[in-house]
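Shared between the two complexes below is subunit A, which pairs with subunit B and subunit C, respectively.
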Partner chain A sequence: MSTLRLIAVGVLMHVKMSTRGNFEIATAMIVPIVQATMAVYLLRAADSPHRMIEAAVGAGMMGVWSTVLFGSGGAIQRLRWMGTLEMLIIAPRNPAVTVLPITIATGLTGTYTMIATLGWGWAIYGIRPEFAHPWLFALALPACILGLGMFGLLMASTFVVMRNANALCNTLEYPIWLLSGMLVPITVLPGWTGPLADILPTTWGARGVHEAVSGGAVLPAVAWCLGISLVCFVLGAVSMSFVERRARAAATLALS
Partner chain B sequence: MTDYAIEADGLRRTYRSRTGWLRPQIKEVDAVRGVTFTVGKGELFGLLGPNGAGKTTTIKMLNTLLIPTAGRARIFGHDVVAETREVRRRIGYVFGGDRGLYDRLSGLDNLRYFAELYGLPPREQKARIGELLELVGLTGRENERVEGYSRGMRQRLHIARGLLHRPQVLFLDEPSIGVDPVAARDLRQTVADLAATGTTVLLTTHYMAEADELCDRIAVIAGGELRALGTPAELKHFADGRRVVEVEAYGVGDDVVARIDAIPGVRGVTLETVGAAQLLTVQSESDVDVQGEVLAVLDGVRLGRVSSRQPTLEDAYVAIVSGKPQDADPQREKVAA
Partner chain C sequence: MRLLFVGGLYAYRALFNWAGPAMFIGTLLVGPIFQLLFFAYLGRQLGIADDGFYIVGNAVLAASSLCLFGGSMAVLNERRFGTLGHVLLSPRSRAITWIGRGLPYAGNGILVAAFTLTVGTLLLGLKIPAGAWPGLVLSLTSAALACAAFGLVLGAFALRFRDAWLINNTAVTLMILFSGTTVPREHLPHWMTVVGDAIPVTHAAAAARGLVGGRSLAEVLPDLGRELLIALAYAVLAGVLLKVFEAESRRTASLDVL
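Here is the complex of A and B:
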């Protein structure tokens, strides 16, 4: 119970932190418009106007992924700058429980990105948010965001040990978009990418959301997403303990 | 059950940094080189030393933020490496400066979050936070964002945060740095009150007067080594048998300081900037009058007041830290194999 309270309060505090900066607010306003515009022109060029809503949802998921990736990496980097990373680590808690609220908070702010992308797509380009399975969409989207959050936790362990975590964020952003089939179907990618895509929770989360929009089997994809998310959580929790010790040995918790 | 709150036994910490890819250079810096001391339960213990002496590194090894390269440390008998969780339950950590708080959150939100992190029962949180806000004089300002706080207010919030879970040992790392004199005095009073209630306090500072006023015992650290350990009265004896010449000057360079240091009978020279002037302090053996030779070396330099006086506690500190370390070079560079 105490752990759940800590996670809930931690999520609330980190959502407050990440929504009170001018840079973050400006980014949250602009990025969804860029994502929606990119998706629309991509599919117009491909002469597939009937798939506009799928494109808008895919663009929204790209935004959620960027938010989680840069949010988690950026948040830990910001904690290091503020000197609060040491204060979190020194608390008598499992390090995974102290870092998990950060990734969940970035997932929640990422949800806004999805909603804003769909909103801008509708307002500017007239793409009506009509889904084949609206209720399953409401189920698949949180599952997808949870999957991204757990994957974020797994990566957060790397951010704790690396002082220049932003470099890793830049490297991972585009490959995961592509491999997960957020915007472009993974069937158009080379065959060797298939196994890589299959082990990413983002692939199954994105598939669940796409199926909810276009009318396919949503639940199996959601189940896979949640299953792989659980594995990511366990691996993330174990690696956080390992990485916390390594960061204490390498003296990377502080800036200097 | 141990009689000590803190035990440090041969603590050593080496930092390694690597630069370059083709021919990587690995630089090793021995920040702390075999420090041993104990702190009794309820004692207010000072760790005093100049910037870069190894105070913060020592405190971070004791509070589990750094793993020692060698040596052992225990808090209430619990090893800081093997029993990290047990140690963390018993300690609080407060450091000086602007960092260490969530700037975009209110003071109250900061305390609420850390109360959860330290597992304070929800029923107790409100009362405990209110009590601490009262203690540090932030009642009425708790709903304002920390980014709008003055440095003194941040420092007081830091202390409130460090005390939330009623730690048995409180580590205070230069808590009065950058704080105005009135706020620093209040802070010293808070620390003294804490020690009076039985909390063991380890305070690092480079202000001799602060350590003298507060601490039961002081360890002086310089160059990563413990140079002296004792009560303030015992440490004052380090300046026995010395006399001090102070010269107010303008434009003294390092070469001049080196020439004065080389005068026979001189035991230590410090140069500090005081407003537009420089204050040159020369310690010498009590039976040697070096004033004439010092003024001869300063020939051509614009001078102000020149005085000779008996040594103070601060001179004792200077005498201790300016003593020669055992190993001259704490930094090493090598090319990686």
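Here is the complex of A and C:
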């Protein structure tokens, strides 16, 4: 119960903090809309108007990943600059549980990007948010966001040990967009990328959402997403304990 | 000259201190390659343009992002490290001081863009005529200079606003859209192409694509000239804004407010 309370209070705190940062707000508000606009013009150029809703949803998921990635990396960097990362890590809890609220909070604020992208597409370009399986979309979207958040947690362990975690985020944005098939179908990628994509929760999360939009088997993709997310959480917890000890031994937590 | 080059180099080493070899390779060399691959595969899937369009466009963009953030960091990080006041106390020419700070990032941008272009052509099998390379280097250089100047303009806002990163992030994303490096300009609305004409990258990317497509250096010179004019215009604007915002920061004692 106290763990749940810790997570709930942590999520609330981090949501509050992220909604007061101009950088986070701009990343969450403006960038996904620009990406959605780009996707719309690309599909118009390709004369594929029937795929507009898929483009809007894909751009929304890209925005969620950016928010989770930059939000988590940025939050840990900010904690480091403010000198509170050490206090968070020395709390008598598993470090994964203390960092988990950060990724959950960024995932929650990331849901805005999906809403904003769909709203923008509807208001400006007349893309009606009509889904083949609306109820399953409502199930697949949170599962996808959870998958992105758990993968973010796994990444967060490296953010803790690296002095410039936010710079690493720039490198991780496009590979996950590409491998997860958020906007570019995985089928157009070289065959060797298939196994890599299959082990990412983001791939199955994105597949579940796309299937809910276009009409396909949503539940198996959601199940895979949740299963791999659980594995990511366990690996993230183990990894977080390891890097915590390493950061303590090397005395790098406070270095900015 | 010493202030321009040596001062700029020292500032670069001090402010860009976070980029160790691993971080440099990961962030500045690998990151743009994935961006290139993302748009190239998207282009392939949609059939809008060939690989060359995306390889060349994203190579120029690789220079732009780094130079834009670098030019901006040249001002922003001075503030973060608490040394901005010392720089502004110096009795030397502001214009030379700030231009010197932008130059190393421009050089870095050319290196990153050339690497991105080379790796992109090798990975996706694009053949670039040997005679096109000198012109391509000129295109990448003009884009890098224009973006470094544009970065200084954005950096000037760091003297006035506390969180200038959001401006940079939004500017880079808008640049990808308006410059026509991912969506061919003929498919963009007219007003976007007008904005695109006034920002860095657009004309350099057009020149680079022309060269890869078989045009001669003489034929793309007008595009290169426009890109260099844009670089000059943004450098002048940066100088004016830095002067105005410096005076404003002194007046409101907000120079070191983080």
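By definition in this document, the second predicted complex is superposed on the first by the 255 of 256 C-alpha atoms of A that agree within 3 Å, B and C clash if a C-alpha of one lies under 4 Å from a C-alpha of the other, contacts with A are read in each partner's own complex, and residues count from 1 in each chain.
Note that contacts are C-beta pairs under 8 Å (C-beta built on N, C-alpha and C of every residue); 3 or more make two chains touch, one makes a residue touch a chain.
Predicted model only: the values in this text are computed from it and were never measured.
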Partner chain in contact with A:Leu230 - subunit B first, subunit C second, else both or neither: neither
Touching partner for A:Gly83 - first (subunit B), second (subunit C), both, neither: first
Subunit B versus subunit C as contact partner of A:Val15, first or second or both or neither: neither
First (subunit B), second (subunit C), both or neither touched by A:Tyr41: second
First (subunit B), second (subunit C), both or neither touched by A:Leu139: neither
Contacts on subunit A seen with subunit B and repeated with subunit C across the two complexes: 21
List of subunit A residues in touch with subunit B within their complex: 2, 5-6, 9-10, 13, 16-17, 20-21, 81-84, 86-93, 98, 245, 248-249, 251, 253-254
Contact footprint of subunit A on subunit B as seen in their complex: 15, 63-67, 85, 88-89, 91, 93, 95, 97, 99-105, 109, 112-114, 116-119, 122, 161
Subunit C to subunit A touching residues, read off their complex: 18-19, 23, 26-27, 30-31, 34-35, 37-38, 41-42, 44-48, 163, 165-166, 169-170, 173-174, 176-177, 182-184, 187-188
Of all residues in subunit A, those that touch subunit C in their complex: 21-23, 25-27, 30-31, 34-35, 37-38, 41-46, 48, 163-164, 167-168, 170-171, 173-175, 177-178, 183-185, 188-189
